[in-house]
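What follows is a structure written as C-alpha coordinates; I'll ask about it next.
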(Lines give C-alpha, C1' and ligand atoms only; values in the text may rest on other atoms or scores of the structure.)
Protein backbone atom coordinates (compact mmCIF):
# COMPACT_ATOMS: atom_id res chain seq x y z
CA UNK A 1 0.00 0.00 0.00
CA UNK A 2 1.28 3.41 -0.95
CA UNK A 3 1.86 6.26 1.47
CA UNK A 4 -0.95 8.83 1.26
CA UNK A 5 -1.32 12.33 2.62
CA UNK A 6 1.21 14.90 3.76
CA UNK A 7 4.03 15.20 6.24
CA UNK A 8 2.96 18.54 7.71
CA UNK A 9 -0.46 19.36 9.20
CA UNK A 10 -1.90 22.15 11.30
CA UNK A 11 -4.89 22.35 13.67
CA UNK A 12 -5.51 25.96 14.78
CA UNK A 13 -8.34 25.04 17.17
CA UNK A 14 -7.58 23.32 20.44
CA UNK A 15 -9.29 23.41 23.83
CA UNK A 16 -9.71 20.68 26.43
CA UNK A 17 -12.44 21.44 28.96
CA UNK A 18 -11.50 20.46 32.50
CA UNK A 19 -15.04 19.37 33.25
CA UNK A 20 -16.92 16.28 32.21
CA UNK A 21 -20.19 14.92 33.43
CA UNK A 22 -18.81 11.43 32.95
CA UNK A 23 -15.48 9.90 33.85
CA UNK A 24 -16.03 6.97 31.48
CA UNK A 25 -13.07 6.90 29.10
CA UNK A 26 -15.18 7.22 25.98
CA UNK A 27 -17.30 10.06 27.34
CA UNK A 28 -14.76 12.23 29.14
CA UNK A 29 -14.19 15.59 27.44
CA UNK A 30 -11.29 15.12 25.07
CA UNK A 31 -9.60 16.37 21.95
CA UNK A 32 -8.06 13.99 19.45
CA UNK A 33 -5.84 13.97 16.40
CA UNK A 34 -6.76 10.96 14.31
CA UNK A 35 -3.91 9.69 12.15
CA UNK A 36 -4.09 7.30 9.21
CA UNK A 37 -0.85 5.79 7.96
CA UNK A 38 -1.70 3.73 4.87
CA UNK A 39 1.94 3.07 3.97
CA UNK A 40 4.43 0.33 4.73
CA UNK A 41 6.71 2.39 6.94
CA UNK A 42 6.08 3.50 10.52
CA UNK A 43 5.64 7.24 10.95
CA UNK A 44 7.56 9.14 13.59
CA UNK A 45 5.35 12.08 14.50
CA UNK A 46 6.34 15.27 16.28
CA UNK A 47 3.65 17.58 17.66
CA UNK A 48 4.30 21.16 18.69
CA UNK A 49 1.69 23.05 20.71
CA UNK A 50 1.19 26.79 20.29
CA UNK A 51 -0.43 29.06 22.84
CA UNK A 52 -1.83 32.58 23.00
CA UNK A 53 0.55 33.99 25.56
CA UNK A 54 3.60 31.77 25.88
CA UNK A 55 6.22 30.05 23.74
CA UNK A 56 5.45 26.83 21.89
CA UNK A 57 5.88 23.56 23.75
CA UNK A 58 7.22 20.37 22.22
CA UNK A 59 7.96 18.30 20.43
CA UNK A 60 5.67 15.59 21.69
CA UNK A 61 6.63 12.33 20.00
CA UNK A 62 4.32 9.53 18.96
CA UNK A 63 4.59 6.67 16.48
CA UNK A 64 1.91 5.74 13.98
CA UNK A 65 2.70 2.23 12.81
CA UNK A 66 2.57 1.18 9.17
CA UNK A 67 -0.95 0.38 7.97
CA UNK A 68 -2.49 1.52 11.21
CA UNK A 69 -4.62 4.34 12.54
CA UNK A 70 -3.98 6.15 15.81
CA UNK A 71 -6.62 8.23 17.56
CA UNK A 72 -4.39 10.25 19.83
CA UNK A 73 -5.95 12.18 22.68
CA UNK A 74 -4.19 15.41 23.47
CA UNK A 75 -5.40 14.73 27.02
CA UNK A 76 -2.89 11.89 27.22
CA UNK A 77 0.20 13.89 26.20
CA UNK A 78 2.56 14.35 29.11
CA UNK A 79 6.13 14.73 27.83
CA UNK A 80 7.54 17.40 27.81
CA UNK A 81 4.45 18.75 29.70
CA UNK A 82 0.75 17.99 30.10
CA UNK A 83 -1.62 19.99 27.92
CA UNK A 84 -3.22 22.67 30.10
CA UNK A 85 -6.99 22.43 30.46
CA UNK A 86 -9.38 25.31 29.75
CA UNK A 87 -6.68 26.90 27.62
CA UNK A 88 -6.70 27.81 23.94
CA UNK A 89 -3.97 26.10 21.97
CA UNK A 90 -3.11 25.02 18.42
CA UNK A 91 -0.98 22.21 17.10
CA UNK A 92 1.50 21.59 14.32
CA UNK A 93 2.15 18.01 13.28
CA UNK A 94 5.26 16.85 11.45
CA UNK A 95 5.61 13.25 10.30
CA UNK A 96 8.54 11.29 8.87
CA UNK A 97 6.30 9.83 6.15
CA UNK A 98 3.02 11.04 4.63
CA UNK A 99 -0.15 10.42 6.60
CA UNK A 100 -3.59 11.97 7.01
CA UNK A 101 -4.90 13.87 10.05
CA UNK A 102 -8.42 14.61 11.25
CA UNK A 103 -9.27 16.69 14.32
CA UNK A 104 -12.13 15.81 16.68
CA UNK A 105 -13.39 17.09 20.02
CA UNK A 106 -15.92 15.56 22.34
CA UNK A 107 -17.17 18.07 24.89
CA UNK A 108 -19.05 16.59 27.81
CA UNK A 109 -19.14 19.52 30.16
CA UNK A 110 -22.89 19.23 30.01
CA UNK A 111 -25.15 16.17 30.28
CA UNK A 112 -25.54 16.31 26.52
CA UNK A 113 -22.19 16.11 24.86
CA UNK A 114 -21.21 17.96 21.70
CA UNK A 115 -18.90 16.90 18.87
CA UNK A 116 -16.87 18.70 16.24
CA UNK A 117 -14.54 17.39 13.56
CA UNK A 118 -12.62 18.55 10.50
CA UNK A 119 -9.84 17.25 8.35
CA UNK A 120 -6.74 19.17 9.50
CA UNK A 121 -5.04 21.72 7.26
CA UNK A 122 -2.42 20.10 5.02
CA UNK A 123 0.37 22.63 5.50
CA UNK A 124 3.12 23.07 2.97
CA UNK A 125 5.88 25.68 3.10
CA UNK A 126 4.78 28.93 1.46
CA UNK B 1 -22.98 15.43 -16.53
CA UNK B 2 -19.25 15.22 -16.00
CA UNK B 3 -17.54 13.13 -13.35
CA UNK B 4 -16.42 15.27 -10.42
CA UNK B 5 -14.13 14.60 -7.50
CA UNK B 6 -11.39 12.06 -6.91
CA UNK B 7 -10.95 8.32 -6.95
CA UNK B 8 -9.12 8.05 -3.62
CA UNK B 9 -10.34 9.39 -0.28
CA UNK B 10 -9.35 8.95 3.35
CA UNK B 11 -11.25 9.36 6.63
CA UNK B 12 -8.88 9.04 9.61
CA UNK B 13 -11.65 9.31 12.22
CA UNK B 14 -14.03 6.42 12.77
CA UNK B 15 -15.89 5.19 15.84
CA UNK B 16 -19.33 3.63 16.16
CA UNK B 17 -20.71 3.75 19.71
CA UNK B 18 -22.49 0.56 20.71
CA UNK B 19 -25.07 2.49 22.68
CA UNK B 20 -28.01 4.52 21.49
CA UNK B 21 -30.91 5.93 23.43
CA UNK B 22 -33.12 5.26 20.43
CA UNK B 23 -33.42 2.25 18.16
CA UNK B 24 -35.21 4.29 15.48
CA UNK B 25 -33.20 3.90 12.27
CA UNK B 26 -32.62 7.62 11.84
CA UNK B 27 -31.58 8.17 15.46
CA UNK B 28 -29.42 5.14 16.20
CA UNK B 29 -25.74 6.00 16.67
CA UNK B 30 -24.10 5.65 13.28
CA UNK B 31 -21.23 6.69 11.10
CA UNK B 32 -21.68 7.36 7.41
CA UNK B 33 -19.67 7.96 4.27
CA UNK B 34 -21.80 10.07 1.94
CA UNK B 35 -20.92 9.60 -1.74
CA UNK B 36 -21.90 11.80 -4.65
CA UNK B 37 -21.43 10.40 -8.15
CA UNK B 38 -22.34 13.16 -10.60
CA UNK B 39 -21.12 11.27 -13.66
CA UNK B 40 -22.71 8.93 -16.16
CA UNK B 41 -20.90 5.78 -15.08
CA UNK B 42 -21.55 3.67 -12.00
CA UNK B 43 -18.76 3.73 -9.43
CA UNK B 44 -17.39 0.51 -7.97
CA UNK B 45 -16.15 1.46 -4.54
CA UNK B 46 -13.75 -0.47 -2.33
CA UNK B 47 -13.38 0.47 1.33
CA UNK B 48 -10.50 -0.68 3.52
CA UNK B 49 -10.70 -0.26 7.29
CA UNK B 50 -7.60 0.43 9.36
CA UNK B 51 -7.29 -0.22 13.08
CA UNK B 52 -4.94 0.67 15.91
CA UNK B 53 -3.76 -2.79 16.79
CA UNK B 54 -4.54 -5.20 13.96
CA UNK B 55 -4.16 -5.52 10.20
CA UNK B 56 -6.47 -3.69 7.82
CA UNK B 57 -9.76 -5.37 6.88
CA UNK B 58 -11.32 -5.25 3.44
CA UNK B 59 -12.11 -4.52 0.81
CA UNK B 60 -15.76 -3.85 1.44
CA UNK B 61 -17.48 -3.37 -1.91
CA UNK B 62 -20.36 -1.01 -2.65
CA UNK B 63 -21.71 0.52 -5.84
CA UNK B 64 -22.63 4.17 -6.24
CA UNK B 65 -24.81 4.41 -9.31
CA UNK B 66 -24.39 7.08 -11.94
CA UNK B 67 -26.02 10.38 -11.04
CA UNK B 68 -26.87 9.17 -7.56
CA UNK B 69 -25.83 9.75 -3.97
CA UNK B 70 -25.29 6.99 -1.44
CA UNK B 71 -25.24 7.62 2.30
CA UNK B 72 -23.51 4.46 3.43
CA UNK B 73 -23.58 3.56 7.10
CA UNK B 74 -20.46 1.79 8.28
CA UNK B 75 -22.84 0.09 10.73
CA UNK B 76 -24.31 -1.83 7.80
CA UNK B 77 -21.04 -3.24 6.45
CA UNK B 78 -20.80 -6.99 7.04
CA UNK B 79 -18.59 -8.56 4.35
CA UNK B 80 -15.79 -9.50 4.96
CA UNK B 81 -16.59 -8.65 8.62
CA UNK B 82 -18.82 -6.36 10.67
CA UNK B 83 -17.28 -3.11 11.87
CA UNK B 84 -16.47 -3.52 15.56
CA UNK B 85 -18.30 -1.14 17.90
CA UNK B 86 -16.56 1.08 20.45
CA UNK B 87 -13.35 0.72 18.46
CA UNK B 88 -11.22 3.37 16.77
CA UNK B 89 -10.83 2.85 13.05
CA UNK B 90 -10.08 4.75 9.85
CA UNK B 91 -11.11 4.17 6.27
CA UNK B 92 -9.61 4.40 2.81
CA UNK B 93 -11.97 4.65 -0.14
CA UNK B 94 -11.02 3.76 -3.70
CA UNK B 95 -13.49 4.27 -6.55
CA UNK B 96 -13.44 3.24 -10.20
CA UNK B 97 -14.55 6.72 -11.27
CA UNK B 98 -14.24 10.10 -9.57
CA UNK B 99 -16.75 10.92 -6.86
CA UNK B 100 -16.97 13.06 -3.72
CA UNK B 101 -17.02 11.83 -0.11
CA UNK B 102 -18.24 13.46 3.10
CA UNK B 103 -17.96 11.89 6.54
CA UNK B 104 -20.72 12.21 9.16
CA UNK B 105 -21.38 10.73 12.60
CA UNK B 106 -24.55 10.83 14.66
CA UNK B 107 -23.87 9.92 18.26
CA UNK B 108 -26.96 9.15 20.31
CA UNK B 109 -25.42 7.56 23.37
CA UNK B 110 -27.08 10.31 25.34
CA UNK B 111 -30.65 11.66 25.17
CA UNK B 112 -29.28 14.62 23.25
CA UNK B 113 -27.48 13.44 20.17
CA UNK B 114 -24.35 15.04 18.71
CA UNK B 115 -23.28 15.43 15.10
CA UNK B 116 -20.00 15.88 13.30
CA UNK B 117 -19.17 16.15 9.61
CA UNK B 118 -16.31 16.99 7.29
CA UNK B 119 -15.49 16.55 3.66
CA UNK B 120 -13.09 13.58 3.53
CA UNK B 121 -9.44 14.01 2.57
CA UNK B 122 -8.92 13.75 -1.20
CA UNK B 123 -5.86 11.50 -1.19
CA UNK B 124 -3.46 11.38 -4.07
CA UNK B 125 -0.24 9.39 -4.20
CA UNK B 126 2.68 11.34 -2.75
CA UNK C 1 -12.89 43.47 -4.32
CA UNK C 2 -11.82 40.46 -6.34
CA UNK C 3 -13.88 37.36 -6.91
CA UNK C 4 -12.73 34.52 -4.68
CA UNK C 5 -13.48 30.83 -4.67
CA UNK C 6 -14.76 28.46 -7.31
CA UNK C 7 -17.72 28.13 -9.64
CA UNK C 8 -18.45 24.47 -8.90
CA UNK C 9 -19.07 22.96 -5.46
CA UNK C 10 -20.41 19.68 -4.12
CA UNK C 11 -22.05 18.67 -0.83
CA UNK C 12 -22.48 14.88 -0.64
CA UNK C 13 -24.33 14.97 2.70
CA UNK C 14 -27.91 16.22 2.89
CA UNK C 15 -30.80 15.32 5.15
CA UNK C 16 -33.59 17.48 6.52
CA UNK C 17 -35.36 15.92 9.50
CA UNK C 18 -39.12 16.41 9.44
CA UNK C 19 -39.24 16.86 13.17
CA UNK C 20 -38.26 19.79 15.32
CA UNK C 21 -38.94 20.46 18.94
CA UNK C 22 -39.26 24.13 18.14
CA UNK C 23 -41.03 25.93 15.33
CA UNK C 24 -39.04 29.12 15.91
CA UNK C 25 -37.36 30.00 12.60
CA UNK C 26 -33.86 29.93 14.02
CA UNK C 27 -34.34 26.64 15.84
CA UNK C 28 -36.31 24.56 13.36
CA UNK C 29 -34.31 21.65 11.91
CA UNK C 30 -32.69 22.91 8.74
CA UNK C 31 -29.87 22.46 6.30
CA UNK C 32 -28.12 25.41 4.74
CA UNK C 33 -25.64 26.25 2.01
CA UNK C 34 -23.84 29.42 3.04
CA UNK C 35 -22.51 31.42 0.08
CA UNK C 36 -19.97 34.22 0.12
CA UNK C 37 -19.65 36.36 -3.00
CA UNK C 38 -16.78 38.77 -2.40
CA UNK C 39 -16.75 40.08 -5.98
CA UNK C 40 -18.39 42.97 -7.80
CA UNK C 41 -20.72 40.88 -9.93
CA UNK C 42 -23.90 39.11 -8.85
CA UNK C 43 -23.71 35.32 -8.96
CA UNK C 44 -26.42 33.28 -10.65
CA UNK C 45 -26.42 29.97 -8.84
CA UNK C 46 -27.92 26.69 -10.00
CA UNK C 47 -28.36 23.84 -7.54
CA UNK C 48 -29.00 20.24 -8.58
CA UNK C 49 -30.13 17.71 -5.99
CA UNK C 50 -29.10 14.06 -6.22
CA UNK C 51 -30.93 11.19 -4.55
CA UNK C 52 -30.31 7.53 -3.79
CA UNK C 53 -33.10 6.04 -5.84
CA UNK C 54 -34.35 8.58 -8.36
CA UNK C 55 -33.07 10.98 -10.99
CA UNK C 56 -31.55 14.32 -10.06
CA UNK C 57 -33.89 17.27 -9.57
CA UNK C 58 -33.14 20.82 -10.62
CA UNK C 59 -31.86 23.25 -11.31
CA UNK C 60 -32.96 25.37 -8.40
CA UNK C 61 -31.98 28.98 -9.09
CA UNK C 62 -30.87 31.56 -6.57
CA UNK C 63 -28.92 34.80 -6.81
CA UNK C 64 -26.06 35.77 -4.53
CA UNK C 65 -25.58 39.50 -4.92
CA UNK C 66 -22.19 41.11 -5.30
CA UNK C 67 -20.40 41.64 -1.98
CA UNK C 68 -23.04 39.75 -0.08
CA UNK C 69 -23.50 36.47 1.74
CA UNK C 70 -26.55 34.25 1.43
CA UNK C 71 -27.39 31.56 3.97
CA UNK C 72 -29.78 29.50 1.89
CA UNK C 73 -31.93 26.92 3.62
CA UNK C 74 -32.63 23.87 1.50
CA UNK C 75 -35.91 23.78 3.45
CA UNK C 76 -37.01 26.86 1.54
CA UNK C 77 -36.41 25.52 -1.98
CA UNK C 78 -39.68 24.89 -3.79
CA UNK C 79 -39.13 25.24 -7.55
CA UNK C 80 -39.05 22.81 -9.36
CA UNK C 81 -40.01 20.77 -6.24
CA UNK C 82 -39.71 20.92 -2.46
CA UNK C 83 -36.83 19.02 -0.89
CA UNK C 84 -38.24 15.81 0.59
CA UNK C 85 -37.82 15.44 4.36
CA UNK C 86 -36.24 12.43 6.04
CA UNK C 87 -34.53 11.61 2.75
CA UNK C 88 -30.83 11.36 1.93
CA UNK C 89 -29.74 13.74 -0.79
CA UNK C 90 -26.65 15.50 -2.11
CA UNK C 91 -26.20 18.78 -3.93
CA UNK C 92 -24.12 20.18 -6.76
CA UNK C 93 -23.74 23.94 -6.98
CA UNK C 94 -22.79 25.82 -10.14
CA UNK C 95 -22.26 29.57 -10.08
CA UNK C 96 -21.75 32.12 -12.84
CA UNK C 97 -18.87 33.72 -10.92
CA UNK C 98 -16.53 32.31 -8.26
CA UNK C 99 -17.84 32.17 -4.71
CA UNK C 100 -17.30 30.11 -1.56
CA UNK C 101 -19.71 27.57 -0.06
CA UNK C 102 -20.02 26.14 3.45
CA UNK C 103 -22.51 23.47 4.49
CA UNK C 104 -24.32 23.55 7.85
CA UNK C 105 -27.10 21.55 9.48
CA UNK C 106 -29.03 22.30 12.63
CA UNK C 107 -30.88 19.26 13.88
CA UNK C 108 -33.52 19.94 16.52
CA UNK C 109 -35.38 16.67 16.55
CA UNK C 110 -34.46 16.46 20.20
CA UNK C 111 -34.67 19.09 22.94
CA UNK C 112 -30.94 19.58 22.59
CA UNK C 113 -30.05 20.49 19.05
CA UNK C 114 -26.94 19.34 17.22
CA UNK C 115 -24.83 21.16 14.64
CA UNK C 116 -22.48 20.14 11.86
CA UNK C 117 -20.56 22.21 9.34
CA UNK C 118 -17.86 21.86 6.72
CA UNK C 119 -16.55 23.87 3.84
CA UNK C 120 -18.05 22.24 0.74
CA UNK C 121 -15.89 20.36 -1.78
CA UNK C 122 -14.50 22.68 -4.46
CA UNK C 123 -15.19 20.50 -7.50
CA UNK C 124 -13.28 20.86 -10.71
CA UNK C 125 -13.60 18.66 -13.78
CA UNK C 126 -11.36 15.62 -13.52
CA UNK D 1 10.06 28.04 12.20
CA UNK D 2 8.73 28.66 8.74
CA UNK D 3 5.52 30.49 7.91
CA UNK D 4 2.74 28.07 6.99
CA UNK D 5 -0.67 28.55 5.45
CA UNK D 6 -2.16 31.30 3.36
CA UNK D 7 -2.73 35.04 3.54
CA UNK D 8 -6.38 34.98 2.44
CA UNK D 9 -9.18 32.93 4.02
CA UNK D 10 -12.95 32.88 3.83
CA UNK D 11 -15.69 31.67 6.20
CA UNK D 12 -19.12 31.80 4.52
CA UNK D 13 -21.00 30.71 7.65
CA UNK D 14 -21.44 33.11 10.54
CA UNK D 15 -24.18 33.51 13.13
CA UNK D 16 -23.98 34.53 16.78
CA UNK D 17 -27.09 33.62 18.76
CA UNK D 18 -28.13 36.30 21.22
CA UNK D 19 -29.20 33.74 23.75
CA UNK D 20 -27.15 31.55 26.03
CA UNK D 21 -28.20 29.45 28.95
CA UNK D 22 -24.94 30.32 30.66
CA UNK D 23 -23.08 33.59 31.03
CA UNK D 24 -19.84 31.81 31.91
CA UNK D 25 -17.22 33.00 29.43
CA UNK D 26 -16.42 29.53 28.16
CA UNK D 27 -20.07 28.52 27.74
CA UNK D 28 -21.65 31.66 26.30
CA UNK D 29 -22.77 31.24 22.68
CA UNK D 30 -19.89 32.37 20.53
CA UNK D 31 -18.25 32.13 17.15
CA UNK D 32 -14.50 32.04 16.78
CA UNK D 33 -11.80 32.25 14.16
CA UNK D 34 -8.80 30.31 15.41
CA UNK D 35 -5.50 31.51 13.96
CA UNK D 36 -2.17 29.73 13.99
CA UNK D 37 0.92 31.75 13.11
CA UNK D 38 3.86 29.35 13.06
CA UNK D 39 6.30 31.88 11.64
CA UNK D 40 8.75 34.37 13.10
CA UNK D 41 6.88 37.50 12.08
CA UNK D 42 3.73 38.94 13.64
CA UNK D 43 0.68 38.83 11.40
CA UNK D 44 -1.47 41.92 10.90
CA UNK D 45 -4.92 40.59 10.18
CA UNK D 46 -7.84 42.42 8.60
CA UNK D 47 -11.32 40.94 8.78
CA UNK D 48 -14.20 42.09 6.60
CA UNK D 49 -17.75 41.02 7.42
CA UNK D 50 -20.32 40.41 4.68
CA UNK D 51 -24.08 40.47 5.20
CA UNK D 52 -27.18 39.43 3.30
CA UNK D 53 -28.77 42.84 2.93
CA UNK D 54 -26.20 45.54 3.57
CA UNK D 55 -22.68 46.55 2.54
CA UNK D 56 -19.64 44.85 4.02
CA UNK D 57 -18.25 46.20 7.30
CA UNK D 58 -14.59 46.45 8.17
CA UNK D 59 -11.78 46.06 8.30
CA UNK D 60 -11.53 44.81 11.83
CA UNK D 61 -7.87 44.65 12.80
CA UNK D 62 -6.19 42.10 15.03
CA UNK D 63 -2.63 40.96 15.49
CA UNK D 64 -1.53 37.34 15.68
CA UNK D 65 1.94 37.32 17.18
CA UNK D 66 4.78 35.23 15.82
CA UNK D 67 4.68 31.62 17.00
CA UNK D 68 1.33 32.10 18.68
CA UNK D 69 -2.28 31.07 18.26
CA UNK D 70 -5.23 33.40 18.69
CA UNK D 71 -8.76 32.17 19.23
CA UNK D 72 -10.66 35.29 18.30
CA UNK D 73 -14.31 35.54 19.19
CA UNK D 74 -16.36 37.50 16.70
CA UNK D 75 -18.46 38.40 19.74
CA UNK D 76 -15.59 40.57 20.94
CA UNK D 77 -15.16 42.65 17.77
CA UNK D 78 -16.30 46.23 18.28
CA UNK D 79 -14.39 48.52 15.92
CA UNK D 80 -15.71 49.72 13.47
CA UNK D 81 -18.97 48.17 14.79
CA UNK D 82 -20.14 45.28 16.96
CA UNK D 83 -21.18 42.12 15.14
CA UNK D 84 -24.99 41.99 15.11
CA UNK D 85 -26.54 39.02 16.90
CA UNK D 86 -29.07 36.66 15.34
CA UNK D 87 -27.86 37.79 11.93
CA UNK D 88 -26.32 35.78 9.10
CA UNK D 89 -22.87 36.98 8.12
CA UNK D 90 -19.68 35.77 6.46
CA UNK D 91 -16.07 36.80 6.88
CA UNK D 92 -13.01 37.37 4.74
CA UNK D 93 -9.63 37.31 6.43
CA UNK D 94 -6.50 38.91 5.00
CA UNK D 95 -3.15 38.54 6.76
CA UNK D 96 0.21 40.17 6.21
CA UNK D 97 1.97 36.80 6.49
CA UNK D 98 0.73 33.25 5.93
CA UNK D 99 -1.23 31.66 8.73
CA UNK D 100 -3.93 29.02 9.17
CA UNK D 101 -7.58 29.60 10.12
CA UNK D 102 -10.20 27.30 11.61
CA UNK D 103 -13.82 28.27 12.26
CA UNK D 104 -15.72 27.15 15.36
CA UNK D 105 -19.10 27.91 16.90
CA UNK D 106 -20.40 27.02 20.33
CA UNK D 107 -24.17 27.40 20.51
CA UNK D 108 -25.60 27.38 24.01
CA UNK D 109 -29.10 28.63 23.37
CA UNK D 110 -30.27 25.39 24.89
CA UNK D 111 -29.17 23.61 28.08
CA UNK D 112 -27.19 21.23 25.88
CA UNK D 113 -24.74 23.14 23.78
CA UNK D 114 -23.79 22.27 20.21
CA UNK D 115 -20.47 22.65 18.41
CA UNK D 116 -19.36 22.97 14.81
CA UNK D 117 -15.93 23.44 13.28
CA UNK D 118 -14.17 23.40 9.93
CA UNK D 119 -10.89 24.56 8.54
CA UNK D 120 -11.70 27.80 6.71
CA UNK D 121 -11.47 28.05 2.91
CA UNK D 122 -7.99 29.01 1.75
CA UNK D 123 -8.95 31.65 -0.82
CA UNK D 124 -6.70 32.59 -3.67
CA UNK D 125 -7.50 34.96 -6.52
CA UNK D 126 -9.25 33.17 -9.35
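In this document, chain identifiers A, B, C and D correspond to the written order of the chains, with residue numbering beginning at 1 in each.
Rule of thumb we're sticking to: a residue touches a chain if its C-beta (ideal position, glycine included) is under 8 Å from a C-beta of that chain, and two chains touch if they have at least 3 such contacts.
All figures in this text were calculated on a predicted structure; none of them were measured in a lab.
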Next item on the list: For copies chain C and chain D, work out whether under half or over half of the interface numbers are shared, and give different or same accordingly.
Entry: different
Check: Rounded to the nearest 5 degrees, what is the angle of the rotation relating the C-alpha atoms of chain A to those of chain B?
Finding: 90
Check: How many Å are there between the centre of chain C and the centre of chain D, using C-alpha atoms for each centre?
Finding: 21
Check: In whole angstrom, what separates the CA-based centres of chain B and chain D?
Finding: 30
Next item on the list: Hunt down the residues of chain B that sit against at least two other chains at once, touch-wise.
Entry: 111-112, 114-119
Check: For the complex, which residues does chain A have touching chain D?
Finding: 8, 10-15, 17, 50-53, 55-56, 86, 88-90, 92, 103, 105, 107, 109-112, 114-121, 123-126
Checklist line | chain A-touching residues of chain D, taken from the complex the two chains share | finding: 1-6, 26-27, 32, 34-36, 38, 67-71, 98, 100-102, 104, 106, 111-119, 122
